[in-house]
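The following pair of complexes shares a single chain, chain A, combined with chain B in the former and chain C in the latter.
And then the complex of A and B:
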């Protein structure tokens, strides 16, 4: 099996699996879940092989249809694409978690469709991350967005439908911006291949190149929910079924950021524009996102709403790291894309398990749940410590690197914003842990609920364990991504 | 006030957009990169190396076939999204099944007769559009839509039970997935035989294989498109 065949398989296996889900599963939820699990196991195997391959030989490509770029479509697997590993891992765990959750929370006839959409969403993300062609990127963005809107609405509750509609309107506009930008890039360069655009953009007119950059950044930052483009996020992420929240918050918003990295690759390489103005804007917006997200999270009673606002903070960290355009900042940001996905999935799946068992989602109602669901709440606590960024957890190293990056870029003040944000975040996660363990239950029956079923508990515990392991082995992803960041920044020329 | 502010914002936003557009290579100029970089190869060598007389077909099914593979998946996703939203609501509060207020008066004999008469011709036109996509504008998407429109017409005039006979329940889910599945099948065949996903035979002697594979994809897109259009339409009329 050659690497390029595996690279294609990474997209084709979940794609074929998704369209076959209704055929295999029918309206039998358990069978659809089994099928989706199988598909994700195979896909995860492929992803693991690809990540190992890229670590050994560096970036590689697959030419679809055998047409060499720029005539055909190129799939490009570089170190940034290694995020397929986390996409597959979270996808697999979310599917397993859904077995009991979907049967409990969703209208029975929709369960088959639910797994179809989950697999389509994962296909879209995998394709988005590995493609080397801007129009192909757009196609996969549509698959993942469209399935994302539907997954938010799938519970059929009025609020869910409203949240999905808001998400749809914002998302559709952002897709349009990206498409328009792709049109501009094609008019300027006559090409759709990213590397080729980058090479040909240098001679192009400045104003349209700048407009394309602005549209791409805006469009992708809507997907990433950077302040002030975040308004769709809290409702959509809080109201969606919990496994979907984990995917949306952990992964889907990150595709906007990985898209931004691709845009950087194009524009840094082209040297047509000085990106420092854009970077300044991004760093500021990132800083505001950190503080605003944390500030709003403090006032949330609903546990999932709180987690959703915390995603906005963390997107802020990552965007700030990318915008700093310094070695440390960028490495920290890229690794935080990965680590935050782990952490937020732990938290959302944990919250989902608690809501599944107790039926409550407000912190006041959930007082005392730590005594009846010890494993789940322990996992959530690990997640909470990680997201605050305390050593030795996964959140610490990347935030440390981003802070170092701020110093390295000569803006230590942003490092202060980062610590300040972490303090805020600490406050509201302490509130959560406090109500789980140390407060008198409002509802006495909460002490009687059972621990989450195994199909939920195992994914949560795996994720919580990874939060710790990634903290201890934090060097590995940092050194893995370093060559890619050096290449990217090396093209800046200083 | 709000309206004035909106208009002011739009004008303000339009100015940089218009300025940037004015800096683009002039539209229709023979020296613009859009006409000089990759398109000459498509135009000059498309028909012989990609397998279809129609260059547009060459680009969407062969040179950039993977995009189309993605697009048909988007269409499939749209069906799944419609099902996610419209399949009988949450348990407990089943949405009132909307029985038509009274059985609408059946269309007149003339209408029914004309639809029956048109059916075969519309079908033939759909097939023509699908197959002729090779040499002239048309192809699977368009032909599939034409056939889907016929299914909708039959549903409206002759009733859903008649229309559903065109897609037996047992194979309906396969038909809906036909377009992506055809792509995957042809793609994997290309991978197995020629080493790249969606690779078509390049050899001149195998031109007929190339053309017939393209035809298979066109038919797959057509079948899948028609099945999805009718499924979405039926779903809007309530579950069965």
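And then the complex of A and C:
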């Protein structure tokens, strides 16, 4: 099969899988889970082939129906699109994890719907990162957002509905902003294809181009939950079912950031505006996000709430790295999109397994759980060490690169903010580890619970192992993404 | 001459494997002891097998993988690293024996011995780190791995000490990370294989602040005042932990890091042009005296030891900051001299606590009659701290004073003399108390500590004497320190 057929398949397979889930699964949750797993295995295979291909030959495109842009629809696969690998991996593991979790947590009638929505959400993300035109960017963003709202609310509990509603309101406004910006770009350039817009924008008027940029950035940063646009995130991520939390926190917020990279590609290439003002704002907001996310997290008792706030900190890292616009900073930020997804999924799935077994979610109630669930808590500890950025875990290299990028860009003060912000994060993770291992249980029966079932434990352990491996083999993603960043930044100066 | 060899990574890997095996099979007492002792022995053998080569001038290197493009996770056994590694692995074996005896009535032994091995693994990693990033990696891992040992008792007091420990050391680690980042930006490399990678072209102000950041980072673990606050609190840990971690691994990791910064990152020539190095020497001199002053007023045996450690560690810093060959010799040799004397002291404190339940100094009246061998070991260590000839401490003081004169800063010799007097002021009264005072409400029968506690104590005391009378101590040749000095000063 050719690469372009595979690229189309990457979207068609999970989309068709989602549509067929109710047909295949019926009312049987286990069968629906099996089907979704099969779909994700096939999709993951396609994603792996595509990543290998892009590593060998560089970016490539597929034209739907053979119509070349600007008339037809283009799917574009570059190094940044390689994030499909992590989307598929997490999607697959979350589906497997859901087998026992969904059966336990959700009303039986909704289990089929749950897998359909999960696959739709993944389809949306996959489409979002490979699409070559801004309109389809919007369409895929809506697919993943709408399925996200529904997934948050799926348990049917009152708090879940409230959280989903909050998420929906913020999400809808941000979608409108993006849509309006796309309209502006179309009016300015007469095209929807990204490369084409970038080429034609150079002659365009400055003011509308700037307005479009501002709207796009704001809209995408709501999706990414950058401080102060983060208010929807903690509730939604903490209340959703744990596998969904893993996807939302690990991946869905990242689409906002990948979208920002696409915006950069358009505007850096066009050279119509000087982006340094925008970058300054982003770097500052990133730094504030790091500190504020950590600050809020310290006061949380609920384990998932804590994890949700830590996502805000990590989004801060990435936005700071992107805004620094230096080689090291951008490489670090891009790789952290990938690594943070791994780490946060480890933590959320681990927390999910603990909640599944014990029924508790407050740190005080969970004291002593390390003795009865040694593997799950060990995995969470690895994730905690990793997210704080202790070497030799995945989190460390990104921190190292982004801080190096700050020094390289001539703003060492942001490197200082980053390094000390990470210490702040450590404060609440050490509370978690303490309560798992070193404190006397409040509920004696917690020592009697069993280790998580295999369908949960295996995904968690795979992810925890990857947190370590990606730290030791960090050079692979770093050198993989380097040419793309060089290309992107090369267009700045020249 | 550099030779690629697997042994520099094998040494930390052995302890790492030991950790895994202890966690897997450690519920069984036999296997827990078997793996702990076996790994300690195996590692000592591996490290020792490199000694003849190192003395001939061979440097064993092993590059594991590229951590990031350009910076490898590399291991390199040069003379300075070998010296530290030999001290750590010799003491690990002795301390393991002691810990097996000491920890018998304790809880959570699997966790204890697992993390114990992990700490030593990372210490050897620090000793053999080829570049600053690898060093930082193990330095931070050491912080994490010691945490479960510090809070072993799980009492509120222990948890508080643990929090304090983490707060101090992690902030220190953040400074080291920042310093490494800036060093990489300035020098384009982080290797520790050369006598200095930075140059004056970076600008004096930048270099000064970078030096302050790096020294502050490592200085937390080296307990330079005012960064020493965690060390006395951390004495709440079980005694073998205090002994190994607070006399050897953790504090020496900080001191070793400072030696690497001074000798391999900045280099002697560059530092001579910077004013900041003399401030480090003044700070070290202040710490030497102030630590001893505070120690005088401590009645708790282990707290007195803690402040003595604060004071003694700054000998190393002072020796290095003098930037003279004799000073460097003293700094490196004192890594071993202080370690053996201090660990003897800790073993004595632990043996007394386990055998008689006494933890305060004033309770020790007449203890010399009940535990003659233990107190004999104490006397040897005390004389070493005072710096009496024929003990290890004398060698350090002698070279340190020579180094001070060599650099023309004679007033540091007065600091040395004052420090000797202060050490006498807080170690000798205990000897008086132990031998010349009648015990309160106890018989004079000999009631020694059990063999697993006693023999390690005596062995360490023997080392203190050997280090003082001969340069050919089994497995710890003085010439190793001299080889390191020759490399640093390009002689």
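Throughout what follows, the second predicted complex is superposed on the first by the 493 of 494 C-alpha atoms of A that agree within 3 Å, B and C clash if a C-alpha of one lies under 4 Å from a C-alpha of the other, contacts with A are read in each partner's own complex, and residues count from 1 in each chain.
By our rule, a contact is a pair of C-beta atoms (placed from the backbone, for glycine too) under 8 Å apart; a residue touches a chain by one contact, two chains touch by 3 or more.
The model shown is predicted, which means the values in this text are computed figures rather than measured ones.
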May I ask you to decide whether A:142 touches chain B, chain C, both, or neither, giving the answer as first, second, both or neither?
-> first
What is the contact status of A:430 with respect to chain B (first) and chain C (second): first, second, both, or neither?
-> second
Look at A:150 in the shared chain and tell me whether it touches chain B only, chain C only, both, or neither; answer first, second, both or neither.
-> first
Partner chain in contact with A:400 - chain B first, chain C second, else both or neither | second
Please work out whether A:113 is in contact with chain B alone, chain C alone, both, or neither, and reply first, second, both or neither.
-> first
Which partner does A:200 contact after superposing on A: first (chain B), second (chain C), both, neither?
-> first
Tell me which partner A:23 touches in the superposition: chain B (first), chain C (second), both or neither.
-> first
Is A:189 in contact with chain B, with chain C, with both, or with neither (first, second, both, neither)?
-> first
Residue contacts on chain A - larger count, chain B or chain C | B
On chain A, positions contacted by chain B and by chain C | none
The chain A residues in contact with chain C across the complex are 385, 390-392, 396-397, 399-401, 403-404, 407-408, 412, 415-416, 419-420, 422-423, 426, 430, 434, 437-440, 472-475, 478-479, 482
Name, in rising order, each residue of chain C that touches chain A in their complex.
-> 65-69, 73, 133, 136-137, 140-141, 144, 148, 151, 154, 159, 163, 166, 170-171, 174, 177-178, 181-182, 184-185
Under the touch definition given earlier, write down the residues of chain B that touch chain A in their complex.
-> 16-17, 19-21, 23-25, 32-39, 41-42, 62-67, 69-71, 73-74, 76-78, 80-81, 83-85, 87-91, 173-174, 176-177, 180-181, 184, 187-188, 190-191, 194-200, 202, 239
Chain B-touching residues of chain A, taken from the complex the two chains share | 2, 4-5, 8, 12, 15-16, 18-20, 22-23, 26, 62-67, 70-73, 107-110, 113-114, 116-117, 120, 123, 127, 133, 135-136, 139-140, 142-143, 146-147, 149-151, 153-157, 161, 164, 184, 186-191, 200, 204-208, 210-211
